[in-house]
Amino acid sequence: MQTEIVISGFGGQGALFAGQLLAYAALDAGLHTTWFPSYGPEMRGGTAHCTTIISDAPIGSPVVRNPRAAIVLNLPSLERYEPLVKAGGVLVVNSSIVDRRPRRTDLEALLVPGDDTAQELGEKRVTNLVLLGALLARLPVLELSQVKATLDHVIPAHRRNLLETNLQALERGAALGTSEAVAPV
Amino acid sequence: MQTEIVISGFGGQGALFAGQLLAYAALDAGLHTTWFPSYGPEMRGGTAHCTTIISDAPIGSPVVRNPRAAIVLNLPSLERYEPLVKAGGVLVVNSSIVDRRPRRTDLEALLVPGDDTAQELGEKRVTNLVLLGALLARLPVLELSQVKATLDHVIPAHRRNLLETNLQALERGAALGTSEAVAPV
Amino acid sequence: MSVQAPNPTLAPVVRYPEALAPTPTHYCPGCTHGIAHRLVAEVIDELGVREETIGVASVGCSVFAYNYFSVDFAQAPHGRAPALATGIKRTSPDKVVFTYQGDGDLASIGAAEILHAAARGENITVIFINNAIYGMTGGQMAPTTLAGQRTTSSPLGRDVKLQGHPLKMSEILAQVDGAAYVARRSLHDVVNIRRAKKAIRKAFEVQQQGLGFAMVELLSSCPTNWGMEAQEALDFIRDDMVPFYPLGEFKVPGNGAPGGAKGDGQHPKGGR
Amino acid sequence: MSVQAPNPTLAPVVRYPEALAPTPTHYCPGCTHGIAHRLVAEVIDELGVREETIGVASVGCSVFAYNYFSVDFAQAPHGRAPALATGIKRTSPDKVVFTYQGDGDLASIGAAEILHAAARGENITVIFINNAIYGMTGGQMAPTTLAGQRTTSSPLGRDVKLQGHPLKMSEILAQVDGAAYVARRSLHDVVNIRRAKKAIRKAFEVQQQGLGFAMVELLSSCPTNWGMEAQEALDFIRDDMVPFYPLGEFKVPGNGAPGGAKGDGQHPKGGR
Amino acid sequence: MKGTVTVDEALCKGCGLCTGVCPKGLLALSTRFSERGYHPVELTDPDDLCTGCELCSVICPEAAFTVYRERAAA
Amino acid sequence: MKGTVTVDEALCKGCGLCTGVCPKGLLALSTRFSERGYHPVELTDPDDLCTGCELCSVICPEAAFTVYRERAAA
Amino acid sequence: MARQLLKGNVAFAEAAIRAGCEAYFGYPITPQTEALEHMAKRMPELGRTFVQAESEVAAINMVYGAATAGVRVMTSSSSPGVSLMMEGLSYIAGSRVPMVIVDVMRGGPGLGNIAPAQSDYNQMVKGGPHGDARMIVLAPATVQELIDLTAEAFELAERYRCITVVLADGSLGQMMEPAELPPMTEPRRAEDRPAWALTGASGREPHAITSIYLDPEEEEAYNQELQATYREIERQEVRFEEAYLAGARIAVVAFGTAGRLSLTAIEAARDEDIAVGLLRPVTLFPFPEERLRRLAHEVDAILVVEMNAGQMLGDVRRATRERVPIHFFGRTGGVVPMPEEVLDAIRGVQAELMREEAVA
Amino acid sequence: MARQLLKGNVAFAEAAIRAGCEAYFGYPITPQTEALEHMAKRMPELGRTFVQAESEVAAINMVYGAATAGVRVMTSSSSPGVSLMMEGLSYIAGSRVPMVIVDVMRGGPGLGNIAPAQSDYNQMVKGGPHGDARMIVLAPATVQELIDLTAEAFELAERYRCITVVLADGSLGQMMEPAELPPMTEPRRAEDRPAWALTGASGREPHAITSIYLDPEEEEAYNQELQATYREIERQEVRFEEAYLAGARIAVVAFGTAGRLSLTAIEAARDEDIAVGLLRPVTLFPFPEERLRRLAHEVDAILVVEMNAGQMLGDVRRATRERVPIHFFGRTGGVVPMPEEVLDAIRGVQAELMREEAVA
């Protein structure tokens, strides 16, 4: 059984790291995984996105057209990925800055105020983990505890001081993910 | 009907020019012709040789293993080409500096004192034409008159002062070529 | 862009250059590539040569320069812009031809091409952006990276014994007979930016007068790969780069000898 | 070659160098490539490093140098000898590594490689044969061809406006920080040949001391492509080349600045 | 008023360089996001202090400024 | 005799450079051809004028010379 | 060694180090720069050689130099950079010194872009370098295979005294995947350098390493030696991977990333009861000539999938003699085909088989 | 124009001049240097552009520059020099500016020698340059054909906005043969330069000539344009020459000098009543694919003759699907095969045909 997750946003919103964290956690959980980034020359702005695949069997293609789930950190990403997520899949939207609701009804959409929550936690840079936490609450691909454990050993040294906030971000996200509030009716 | 002539000697003995002269003359005579040099980096010593082919039909290969005739200006050239000349062909040897006679008896060999004759003409550099003249006397491929006429218009400007001597060299060679003396018994 | 004066008593004195395409660039915030672009465009406008100018973009962050100037442009392989410019200028001598090259492009892979374009006295103008780094590929060491400077390919800081000494291209090219004008300027503050523009203008005029090869080296910033804020990066130019890369005119038409090879002594802080 | 003294009271004082292979070369009569070979071999013998020396031959008339020295040799693509030498020296730091390059090889196609080998301060020795021509390919213009000099690719004489100015590589490389020793010497007469040998020896010693990049430029003759007799060609060096290419040490260990960049003033005729 | 400036928000990347050079300190980055996601610079000049000295336009990497100065009285 | 030289004919290419530098004028090209087709140089020194000064060997591009000098009297 | 999540570029660089690579010379170029950066950090730590060359031309010739000295040496680059190495590669092949190059292909032609592509197949497999030189070309499809083949590349290069190319693409260089690194092996000691190497002519005749043979006959004899080596390589080193070919009516032939993408498509197709399997050449030179010839007798149709306009396609057509219809699906310019697209292509081939049978 | 005795290298240089070549950029290399020397003399006389570049890398990029300015431009070189042009050629192909290059091949690999060879067939025909770029490749066999194809190369390059390669070899460059030069045509006037050229953005939008398309989809669209052009070239420009194929049982397939050598051998063989003919591809890209396919139905055996280790051989095997036995005779390293050797090879093929029939 294979799960594909796309995470997409502006450069700097941490989409790539969130995807890597998933892959690291999958490895720790003894699963097969791939992480596939989109990349551009250093100085190019625009969107950065990546695909993480987690599976109990060896993985063929590291990219798919129709992922099982997507986390969209900004509007362009919503425009691009909403149409692509598999029917019945999960779509997590950073509602703090994305001002439109998803249109599709054949998938589970979560409107999570990522930036606001991050603000509350006093650390703008953890938006990505808030949304990831929310996703994990709805997508039975990895245990939250697993992801938290993994984060503890993969977080880069110069970010270590932020570990606590990062863990909180995941938890807050997970909480939001389970609350009904986030689901658009 | 196609005739192949190889001319070979030390660099500086004028082998390449003699071969070109034949090709120019053939062109003037309205025949098909090719001139094919062997060449090395500028500074390399050693032998220079070329193949001139004259034919009344278009010419395929500009090189052949077994030429109809060969003019050898030095010993190494004799060693190399004596075995290759077609049976019944013509082999002209610069006997002034080549101190051995040809061994083959199935071809027409001429021992022409090229350098000595050139000395007599007071111009060391015309050895090649003396031998060419001798060859033409035995090889009915081009009229001597034709070659002389051609020489008149292809001789490089800075050599023009030597035209007379060059023409004499051809004639002296032709004369030697017809005299019995030159043929080894 | 047409400008609507906010108040009839006011007249626009600085407006968007015509030779600059009316489009945002992809450069990082505070990157002085943008300043260099503007200065070149202003000079092209002042000389009124926009319609007969042909630019040659190189490989580096400025690879898309052709999108930002409203003049004809070719895009050259990494380091070969001077060769393309040679091919263009020789066959279009009536055109104004300039290259726009980074330090990796001009001083590393393109060292032979720039040296020989100078030796041939190719009648072209070269804008040389020295930001002491490979910007586009993410901050590797450039031939102009300062001793001790950390980059992704000199993680412990450039060790000149192992990784070589930074190259002073202006000083080197000023030595070459075909070079008519060679100057180094800096973009770290207003005064120096204005000096830089004067040098760029001279470098284009030298070409118009058919005097030969002209180059302006511009000390430029790379906030992203230096890991600095925009202003911090300008201070780094002033405090670290200028002392090693003296500003000045190293060759001007007429003076054959590499005059002022030690720079014009202008104190870097002078600009502040 | 073992030498049999013609007379017991006599002792051999000059004999065939051990580092020179006992074989005739393919060089044209009177070509000073041969002198340069002998000097390098003598120095290798004097320093006693024949068995730990690795040479790098370039592409030019000296392409077969590996046949003429009795030391290990690699043969490099045109212009890339300094890159090969870098690869060899970095992985065999205990060996003595030298390149032997012509002017087309070093100053034209190989300009970037020599400039950067110098900038990196590669601890190698470069023997640079400047004969102002492309010898091997039959006498085309070299970057060092003198203004007005006729070659097969500058049939009317080198027109510096169209074909560029001759490059003074020693002066240029002396500018570069990684260069420890840079000298230009001439092979046109006995006195200068002896000076040349001293310079070559220094250039090898600098490497042994690990001081960095060392190069000796040797003004050399090409009787064949200059269309001259051997002695005439030496006179051409003295009368035409030396005045344009000043002899001297442009950089010696210790003096950072390109000292004596104008040459050591030794009058060319002094050698006679 | 001696002079004033306008900033093309489509061009400004909020690098802040201009804010440092304005002798009158009239320029500051807004907290707003521009369309391209930057905090654009804004001129706040209630007392008409801007002299149109051009310094801001000289340092701006994006050529975002238009600078105006009083016309020489006709 | 103060000194003398021998020439390796296999190496000499008859370029004549040595003939110009010998202070005693003892060297001249022979009219003979060497095996490789050159006119090799020859020392003609009936009156033992050669000093073993080495000049010929310094200029020779082919390292064809061996130079001998008198041994310091033992 | 436990499995770690590794980025392709870092993985092959570290694999080379552990395989005893003593020297790396390179020049930055996306999408392989992380390899150069890893080498810049690690090699000096280990007291080995790292030089950022002034260009790819210089880099390949530094590699040449180090190779003549008999050390394990490598470089890596991407398409435009590799094009600049053609002369050097020809010299190296022409003087039979071993070396390894990893080519992380990107979209072209020209400057193109930095997205993954396979459009340099012909360049590396057929003859980018001038002359009759060939290079062993290995085409990994996963980070693990990239690691294993890079390490083995040195062995092959030294066994046959030739160039071994690891032909990867941007996606393999940039993606992360769990993989296991080989144990660290110490570089060989100076005194263990090969007998032919340049180590100073001490107590032996001098060595010359060169690629010039002015006498054509000599050059030909040398070329015959080279050709003999290539024939030996063709006999010994052919490698490929198969999946689901037993009973398959359609065979997809694809290398590297295209091969792994196709596998996913193939599995999807098999769920639709399409009898399709995969042949993935692991060695591109030597090419699995004979296996493909047989394959053309086992299946009814072949679909070649490449991230280029159809380069290996020519070799498949030749090797199979087109005994069965050969179809092609390719994306160019850096577009990574989605497995769904490959699936569509497979369906198309299947549909055609049906049609033919209907007719028959 | 009357026929003159012309050296190949001089002939193609003068032919280019007469075809209106406005600029030549090159670097000396044997065996093509006479062409550069001829240009050095003639171009300035005519007020046209000649520059001896500092290297082949610089030369090809000067050509690139002049091509963007819309002038008729060319370069010429030989094997190692051409290898240095691969990146530039890829850029030029990738930005669709027309140019002509004459490659006078010599023995390789590496520095090799300066004798005639055909061992860069794969480099020029298959993909020396990176990316999916192709070049039209013309293979003359005589000095006259060298002249005619060089002149026409400019037309082809401009018609398809592509690179046209005249693939010669050392023997063709060095030999002399009577031939006729085309009449002199004046170079096009500045105002007649093509619409896409860089001439200054006066009264029009600025032009940008580039080969970078960061968006893979864009790059792919661009590649599709290129591929469409190549298909068109394959439809329009295939050329080959035939001799004695009517009723032949053996076909010799050979290009350039090898083709001309073979003709002599074939005529000798026919004197021995061996039914043998010649197919000489004149365009190597586009390759006479379809003609070869038919040929395999007309003859009983094919003998491929090349001055390399067997490069075009692969294309012949592919195109013919090996419907009949494909034999190969090649000399490498700069050896020019003698017609007598080719004759022996033909006899060998004939003998084998006999044997088979005896068996049957």
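The letters A, B, C, D, E, F, G and H name the chains in turn, as written, and every chain counts its residues from 1.
Going forward, contacts are C-beta pairs under 8 Å (C-beta built on N, C-alpha and C of every residue); 3 or more make two chains touch, one makes a residue touch a chain.
Note that the coordinates shown come from a computational prediction; the quantities given were computed from them, not determined experimentally.
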Farthest chain relative to chain C (centres taken as mean CA coordinates): B
Maximum inter-chain contact count - chain pair: G-H
Length of the line joining the C-alpha centres of chain D and chain G, rounded to whole Å: 41
Rounded Å distance, chain A centre to chain B centre (Cα mean): 87
Geometric centre distance via CA averages, chain E-chain D, whole Å: 61
Multi-partner residues of chain G (at least 2 other chains): 30, 51, 54-55, 57, 80, 87, 91, 95, 110-111, 114, 210-212, 214, 336
Numbers and ranges of chain A residues touching at least 2 other chains: 40-41, 44-45
Residues of chain E whose C-beta touches two or more other chains: 36
Touch list for chain D against partner chain C, complex: 108-112, 115-116, 119-121, 143, 160-161, 163-168, 171-172, 175-178
Of all residues in chain H, those that touch chain D in their complex: 27-30, 33, 36-37, 40-41, 44, 51-52, 54-56, 80, 110-111
Touching residues on chain C, where the partner in the complex is chain G: 59, 63, 75, 77-79, 104, 108-109, 111, 134, 136-138, 140-141, 143, 152-156, 162-163
Touch list for chain G against partner chain H, complex: 57, 79-80, 82-84, 86-87, 90-95, 105, 107-115, 117, 119-123, 126-133, 210-224, 226-227, 308-309, 311, 314-315, 317-318, 321-322, 331-336
Chain D - residues contacting chain G, complex: 21, 50-54, 56-57, 63-64, 66-67, 69-77, 80, 83-88, 90-92, 95, 112-113, 115-116, 120
